[in-house]
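Provided herewith is a single structure, encoded as structure tokens, for subsequent inquiry.
Which chain is which? They are A, B and C, in the order written, and residues in each are numbered from 1.
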Amino acid sequence: MTHNLIRKLLIIGLCSLFSAAATAQTFIFTAIPDEDETKLVERFRGIADYLSEELDADVKYIPVKSYAAAVSAFRNNQVQLAWFGGLSGVQARSLVPGSQAIAQGTEDQAFYVYFIAHESTGLDRQDSLPEDVRGKTFTFGSKGSTSGRLIPEYHIRETFGEAPEDVFSRVGYSGNHTRTLRLVESGTYEVGAMNFAVWEKELENGNIDTDAVKVIWKTPGFPNYQWSIRGDVDENYGEGFTGRVREALLSLDDPELLESFPRSDFIPASNDDYEPIRKVAKEIGIID
Amino acid sequence: MAGFDLSGLTASFGGERVIGPLTLKVKEGDQVALVGKSGAGKSTLIRLIHQRVDGQSSLVPQELGLVNALPVFHNVFMGQLDKHATWYNTVTLVRPFKQDRKQVLELLDALRMSEKLWIPTASLSGGQRQRVAIARALYRNAPVLLADEPISALDGPMAHHVMQLLRDRFKTSVIALHDVEMAMKYCNRIVGIQNGQVALDEPTDQLAAADIMSLY
Amino acid sequence: MLSYPTVRTSLIFLAIALVGLLFADIAITANNPWRDLGNFFLGVLTPNFFSSEGLLTALLRTVAFAFVGVTVGGVCGFFLALVYRFLPVRVFCAFIRAIHELFWALIFLQFFGFHPLTGVLAIAIPYSGIFAKVYSEILEEADPEPGRLLPPGTGTIAAFLYTRIPDCWVQLRTYTAYRLECGLRSSAILGFVGLPTLGFYLETSFSQGMYSDAGAMLILFYVLIATIPLWVRPKLLPVYIVGAPFFLGDGLPIVWGNVERFFTEDIVPSPLRDGEGLAGLLPWLNELMIEQALPGIWNTVVLTQIALVATGILTLLAFPLISNHFGGPIRRTSGHIFLVIARSTPEYILAYILLQLWGPSMLPAVVALALHNGGIIGHLIGRQTNTIRLRSDAPKGFNRYSWELVPRIYRSFLAFLFYRWEIIMRETAILGILGIYTLGFYVDSAIQSIRFDQAMVLILITAMLNIGVDILGRYIRRKLALQTMPTC
């Protein structure tokens, strides 16, 4: 009797191990972890609820711990939709034939990076990257970030003609933009580069000690975040699904949800919009 | 095979010869006592014979060779592992069969320790452990008994009881003993070992204790 | 004193570490490290157990992954142990255990994604290698005599079951239970790369400065480990083993095409993939070696040597804390608590915490490695001193420490230290993921830029380095005739 039960349990256990969640056609999406996770989970659970309703389908958000994990999940078809940065989007779409960028925030057409500095450096805001940052300690955001890594590295190389490791006395990767802000604010690093939208939002919410940290340079604009979707979604979720997802995103007008990004609204995007990012990444050697 | 005829028995330890070359012929019905000073090579000789007869013997080595973590039953049962299929032995490890339990219990009864059947051998006294090794040899039931000081840890009456039992159960045997009186009482042939050679080999009834003492 | 080989060896390693310090990047870069540390301890003292809805689930998953991983690893390791005498098996086992759980997890994440199998295999594979080695050592020490006495014709399996297993049973059980504790630690840190265990939430709350939440998780983790003897009972084990697979969570479904792609495309060096052939391979390897592997190896070795000596020093300072030969019961109790916390906290978590508080450099890594490993060895040595009987007129205080105890435990102290040398190096490499420039940093960078071919070469190099140190450590232990029981 007991043996029978144990055997049954074992079989069920093994089956569930190998076929877990393969049942329902849940539409799953993820997002690059560019900010504090609590905020991301709150924001994207809202998006999941919104999409569920609009698409009349089961939509789920899963948080990941790294940019690469987001790209891999998209590539491996474990998520079908993702909120990528410029660079991660380019990487992901090059790995998944037929995938496309479908929507971006209005702000993402011309996105900016802020170079920020701790007050002890005595640096002030300038129109170009200050020469004085040489020899300071410096932190990027995540290794795979566009505004936390790619664009700042590009400008550092442009300005100094050297790799960041040779320009600064210490180079680190904080992990995300919120942490870059906190690390420079506390003086752990003297200089950092971060997403301007995160800075503005934190500033607005009164979360920045402006006596301790200030913006020293704003980069020229570049295309950034976008929603990317896999090419085989129509095949697996029904004809015209991609179009419906795009429509749903473009018609998102819940001010609270938009504010959480923060974006004023979403507009159509295409793969070609991100060609400049691809070129820069190739130039720096981040992609082959 | 009941008796054996072994020649050219030799053993060396650290480059030095401790036994032989010697020849030992044992006929069926010979109950041989190996006597001699400690260090004369009795244990080595027992071991050599065990190798030469290809394990076709019940062996009681001096160090007993018990699996301490197993109960008495299993240590005795190991004497007949070759008689059963692997599955049978494996099941026995977890839950012994009735007929085996009965047989082993009878043996232990004869050795006056039946109450210890399920006790791990690690928790037994020296004398009890020695009797478990003897029980295993009895259970093995080979045509020849090879025993190395099988009663060294037993008290007087028990020693006599065990020697009697061994004499009754094994028609042919080679037993190393340091107790000359025991040797004379329970064996029909005495082989004396001195410096790795046979120094004496006579039927018991033609010997007196004094003849043997010359070996010591 | 210098004529003692143990003393000479110690001094050589001390000298190497001191030279290493000249090259190492040791600094506290945070502006206010003590305030942050204070905030952290305040958080631990004011734990918030109700912060995250997922906390209990995470705890459950941590236990489930540990059980399934250790069980699978134990079974495979046992069978490998039976054929461990064959050289190819030994090499294979050395190789799979030279790669850290987190590296395995990072590899499986690329094709199994967030499926429970990723976490299970990440624990099971390196543990199989370790189990195989230790089990075979234990089995070899079984008394051979009963086996020789078996009647000829006894089946191999029956002989094994009757004469080997019972003799080793207690040791096998003790070691397996001990590994389960290690498995809980491994399982917890898998969360740092995204699996649904404790590390996932710990990382989240820590990086956001929510120290009370992080404190609660750490406390729960300590309680979980400290109460193992209470809830891991032989009778309950089958229940846990059968039940654990149900609590791994669903994760995301495996797409098998990804597995094939990973092995046939992703990890093929890019020059070969792009058809440049062998001519392109050499420059590719050359660049990888010079720009990533060599700096990574250098930093890994330097950090390992410093951490090894720091561990040794901390051990010698810490063992009196729990030794019966010093102090009263209050001191010993607090000493026990300190050592339990030090050794229960995975070095990865310790390093993560200290990095957050002190800023990036090798210092947090050294302190974390020394605390964790010193905690383990200090505990073992302290216990060992309790078996030493001192004469009743033995000296007291520091003289007792330096004349009576240290000389007696020094050899086993060195044995443990050299045994853990390879483990320290494995951890050092993995700490690179946190931003210290050891091999793990370059592996992580390669994965972050979706260059699995480079990542695999770097992981292979890391494994080779570990195997090399393992061989060297064993050589030194043999030369000095040091013996020890395995630790994890």
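The definition used in the following text is that a contact is a pair of C-beta atoms (placed from the backbone, for glycine too) under 8 Å apart; a residue touches a chain by one contact, two chains touch by 3 or more.
For clarity, every value in this text was computed on a predicted model and none was experimentally measured.
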Chain whose Cα centroid lies at the greatest distance from that of chain A: B
Nearest to the mean of all protein Cα atoms is the Cα centre of chain C
Between chain C and chain B, distance of the C-alpha-averaged centres to the nearest whole Å: 50
Centre-to-centre distance between chain B and chain A (centres being mean Cα positions), rounded to whole Å: 80
With chain centres defined as C-alpha means, what is the inter-centre distance between chain A and chain C in Å? 32
Please output the residues of chain C touching chain A within their complex, sorted ascending. 25, 29-32, 36, 109-111, 113-117, 120, 192-194, 200, 203-204, 207-209, 238, 242-243, 245-246, 248-255, 258, 270, 359-360, 435, 444-445, 447-451
Flag every residue of chain C that touches chain B in the complex, lowest number first. 143, 145-146, 148-155, 157-159, 161-163, 166-167, 169-170
State the interface residues of chain B toward chain C in the complex, per the touch definition above. 54-56, 59, 61, 63-70, 74, 78-86, 89-90, 93, 136, 140, 142
Enumerate the contact residues on chain A facing chain C in the complex. 6, 9-10, 12-14, 16-22, 28, 36-38, 62, 64-69, 71-73, 75-79, 91, 95, 118, 137, 142-144, 170, 172-173, 175-176, 178-179, 182-183, 186-189, 286-288
